[in-house]
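Common to both upcoming complexes is subunit A, partnered first by subunit B, then by subunit C.
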Partner chain A sequence: MNIVVCVKQVPDTEIRIPVQNGRIVEEEIKQYVVNPYDEFAIEEALRIKERFGEGKVTLITVGPERAREALLTGLAMGADEAIHINDPALEGSDAFATARVLAAAIKKMPYDLILCGKQAVDQDNAQIGIALAELLDLPHVSVVTKLEIAEDKKSAKAEREVEGGKEVIETTLPAVITAQKGLNEPRYPSFKGIRMARQKPYTVWTLADLGLKPEEVAPQTEVVVINPPPERKAGRIIQGDPETAVKELVRLLREEAKVI
Partner chain B sequence: MSPIQTSEYIHELTLRECIQCGKCTGGCPVSLKTSLNIRRLIYESLISDTVSPESHEELWDCTTCKTCTLRCPKGVDPCGLIVTLRGALVESGRIPSTVRDALKSITVRGNPLNMPPQDRTLWTEGLDIKYILEEEAEVLFFPCCMGAYDPRVQKVARSLVKVFQEAGVDFGILGEDEICCAHEARRLGEKELFEGTVEQYQEIFSEVKAEKLVALSPHCFNAFKNEYGELPFQVLHYTQFLADLIKQGKLKPVREIPKKVTYHDPCYLGKQNKIFDEPRFVLQSIPGLELVEMERCREWSLCCEGGGGRMWAEGTNIEVRLSHERVREALETGAEILAVACPFCMAMLEDAVKTLGLEEKLKVLDIAELVAMSLG
Partner chain C sequence: MAKHFLVVAEQSEGVLRKVSFEMLGEARRLAGSEGKVEAALLGSGVEPLAEQLAWHGADKVYVADDAALQLYSAEAYTTVLADLVKKIQPDVVFIGATTNGKDLAPRLATRLGVGLASDCTGFSVDGDGKLLITRPIYAGRAIETIKLKSTPQMATLRPNVFPPLEPDTSRKAEVEKIAVNVGPIRAKVVGFLKKEGEEIELTEADIIVSGGRGLGGPEGFEVLRELAKVLKAAVGASRAAVDAGWIDHSHQVGQTGKTVNPKLYIACGISGAAQHLAGMRTSKVIVAINKDPEAPIFKVADYGIVGDLYKIVPLLTKELQEVLRG
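After this line comes the complex of A and B, so read on.
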């Protein structure tokens, strides 16, 4: 079974994103991680491979040189090979353009299942999986918290969270599935594993390798401005004995904060 | 994961020397509360060709206090077996999610606490501290990730800085170039992360012209003193350093603290590095302070359960906590203050005091805080 997992490298979720003059100051971002939802996708691919005792897990990313770290992390978790699409023409690419590039690359390889994170935590577009399914003309189930591949590997049953309940969807394979938190608990990519990962097959492709011209994958959207969230105001301590303080707190919650 | 071959480690850990006397398990503090039986684990390794660490959930209960290794009459290292088996789990990636996140955080952010590296020096706000890579200083102060980020331990680090300043110590810190020493990572089985960190520090330390490194935490102290190979400076725990300053007359605690105080020996300072007297000497130099001992003190000190990576691994049987037992022992002495000298002991014991609702009766304070309180 050939499983392709789309991976994105994103800024570390614990850092504050430096914003200046309506733009993100990329040079100031020092730490990057694998998009956490993509980790669920990688883990699920590995579990499927382990369950069937055969198969190949291929990671694919579109990103600059530094995105190599993310692929190595995924390889350290146990993926078999990685494809890195790195082309200067893709700088400032948007979600749809990225999906086009990914689709062109995935068409070049055998696949029975495509797994993505439900969204990347940097831009929060949540478009790649959906766009990819459309471009490859495949069925698609999003925000999946449980995935069962049939014995014959021809179909899958997926559970997804919906308001107030869960939905169970059956689909034929190949299909695109996007992973939600809860799907699994990703394994740890050990230090040794990351070192060994450098020996696994690693292919770098440019747009030319995919037979794409830069204008074919030009972004169709433009980020006009990025504004950081307003700074959180300092807390307030209400003085006085509990009886009056509680009254004052309720008054403030009702009249000032307007939350009750 | 596939089971590991016992032949890979039994020679290195000299397990064949084991006579199954059981002193290891007899001395093991967590064997009081969980199924961890280190003697039996050694036996299993000796009689089988392979061991499946995955079937031993209790491997994550060990605090690496090392009582087993220190008491073994045959010089076997049972504690090393736990770390080896954890190592196999780390390599397979199948580890508790809290351990995974701590290890990943050390790799990405240089601290196990999921904190941004950019915030590493926020604890120094308002204190005038040299940045040692730009300004030379005699002493390199190493506050530990806990001192840098944990709000409670930040107070300890700040107290220590005040004490240094009062004694006229010429000191500096590595600031944002400081990263986790990876002592706990090594004990969680992530040996390669530790080795990578040692390499990083060799480079950083080659630019530091200090005479001494003074560590706030016994864990960092143990790493630098015993596990980092040759370093260009002397490595001290801060209690040793303060004891020297007091003996030289550079530091004089003058303000009375008329309280009964008992001292909890941290495993990595006491039983593992035999530093028992200096912390007591520092406490006794405080006017008015009466030091009382718990029955289990010095080599016999009961582990707080915060070491060996246990800050990030709950372990089994969480209903019973050694820290609770320890706090009860402290109360039995009639002490009003439980003095500690380790950030993990601070976290575990203070938590125990709160959980047991004993805040009115017993206060957990670091020796550094007591000294700072006693300054003129």
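After this line comes the complex of A and C, so read on.
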């Protein structure tokens, strides 16, 4: 089975996002990680390969030079090869653009299953996996917490978390699956894995290699301004013994905040 | 331009989701008096719901009522809506940022060849007539304002953010049935595992009572559920409580859980880590109950009580029982 996993490198989820003069000061972001949902996607791909005892897991990213680290992490986890689409024309890409670049690249390779994260935790778009499915004319199942590939590898059964419960979906393959937390527990790269990662096939493509012109993948969103989130002022600690404090809290919620 | 809006209403088992009314309210506000607000309603046996969309601001409702649309399917819904959008050519398409709305919108936008703004929390109309769209990025650690170059301008709207209009039952809307021809569907719903006793959806709740590691065990959620019952609230949780296995992940609030926006969020035994705040910091009023006076949650809480939640929460439940009954 040929499994393609889309991976994005994102700023560490712990850091403060440096916002200044209406934009993000990228140079101040020092720590990057593999998008957490993409780790679930990589892990799932590895487990499917292990279960069937055959197959190939190919990682693909669209990103600048630094994104190599994210691919190396995925290779160290056990993926077989990596494709890195790096082109200065892609700076400032949005979901619209990135989905089209990924689709053009994936069309060049064999695939039975495409795994994405449900969302990249930088732009929080939650679009690309689904857009990719449409561009490649494939079915998709999003926010998947359980995935079972049929013995004949021609279909899959997936569970997805929806309001009020879990939906069970059956899809033909190839398909795009977007991974939600709960799908699995991603493994840590082993020492051996880390050592081997740099020896695995690593291909770099530009837009020209994909036969794409920059205007074909021009973003459809224009960023006007970026601001820090509005400050939330600390409120007040209600003093007194528990009985008094609770009575006062209820009074405040009713009379001052008027929320109950 | 932003004069002609198409709001994709969402219903589940014959009940319209709140976000449908919220989107109509926002579309109405943006369209102004001479603008046009239309709604699309998809499902099976859903035509009677059209009048509620009229009460909440729709001038016209396109109804796709067909057995093939009984259960949501991205492929079927995309086909019906893409045909409709091509026919009526709205300036703006609004979809709810619910699980299914987020599943549908990227597919529809891609079929139409346009960009999409996800999970939006604010709109205004710019000098050139285009929408200025506000949305949180980096899990709420920054807020961007963007414009969409393509038409229709498509956006998903975060639930519980936009106020709906007061329903006006004298308002009427024209109803137009639209043809449904969806072709073969490759990804099909074959089952549903309903969660027991979960009446109130977190993302739609007005009040949320949330618990963290400070509960010390699954029994803590029983104490919170008592409080939630009195307040008709949904129950949320921190990742620490979910990872400990005390409650299902569907209750998790935060960066890797749900983003919620209730009127009142009561955090019990939650320290207030950045990733938790990411999911609830836009709540109108935050109450924190924590035994550590230094807990970061107090920095964002409107009201705080320092103390043992096992003491405070039952007292709060009792007090509210008395006050709300009276």
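As a convention for this text, the second predicted complex is superposed on the first by the 245 of 260 C-alpha atoms of A that agree within 3 Å, B and C clash if a C-alpha of one lies under 4 Å from a C-alpha of the other, contacts with A are read in each partner's own complex, and residues count from 1 in each chain.
As a convention for this text, contacts are C-beta pairs under 8 Å (C-beta built on N, C-alpha and C of every residue); 3 or more make two chains touch, one makes a residue touch a chain.
Computed from a predicted model, the values in this text were never measured in an experiment.
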{"item": "Subunit A residues touched - subunit C or subunit B, whichever exceeds", "value": "C"}
{"item": "Touching partner for A:P64 - first (subunit B), second (subunit C), both, neither", "value": "neither"}
{"item": "First (subunit B), second (subunit C), both or neither touched by A:P11", "value": "second"}
{"item": "Which superposed partner A:K181 touches (first subunit B, second subunit C, both, neither)", "value": "second"}
{"item": "Subunit B versus subunit C as contact partner of A:F191, first or second or both or neither", "value": "first"}
{"item": "Touching partner for A:A95 - first (subunit B), second (subunit C), both, neither", "value": "second"}
{"item": "Residues on subunit A lying within both footprints (that of subunit B and that of subunit C)", "value": "14, 16"}
{"item": "Footprint of subunit A on subunit B - complex, ascending", "value": "90-95, 97, 99-100, 103-105, 107-109, 114-118, 190, 192-193, 196"}
{"item": "Subunit A residues within the subunit B interface of the complex", "value": "12, 14-16, 30-31, 33, 77-78, 185-193, 195"}
{"item": "Interfacial residue positions of subunit C with respect to subunit A in the complex", "value": "12, 74-75, 78, 98-100, 102-103, 105-107, 109-111, 114-119, 132, 135-150, 185-195, 198, 201, 203-204, 207, 231, 249-250, 252, 255-257, 263-264, 274-275, 281, 284-287, 293, 298-307, 311-312, 315-316, 319-320, 323-324"}
{"item": "Subunit C partner contacts - residues on subunit A that touch it in the complex", "value": "11, 13-14, 16-17, 19, 24, 36, 94-96, 99, 121-128, 130-131, 133-135, 138-143, 145, 157, 159-172, 175, 181-182, 219-230, 232, 234-238, 242-243, 245-247, 249-250, 252-254, 257, 259-260"}
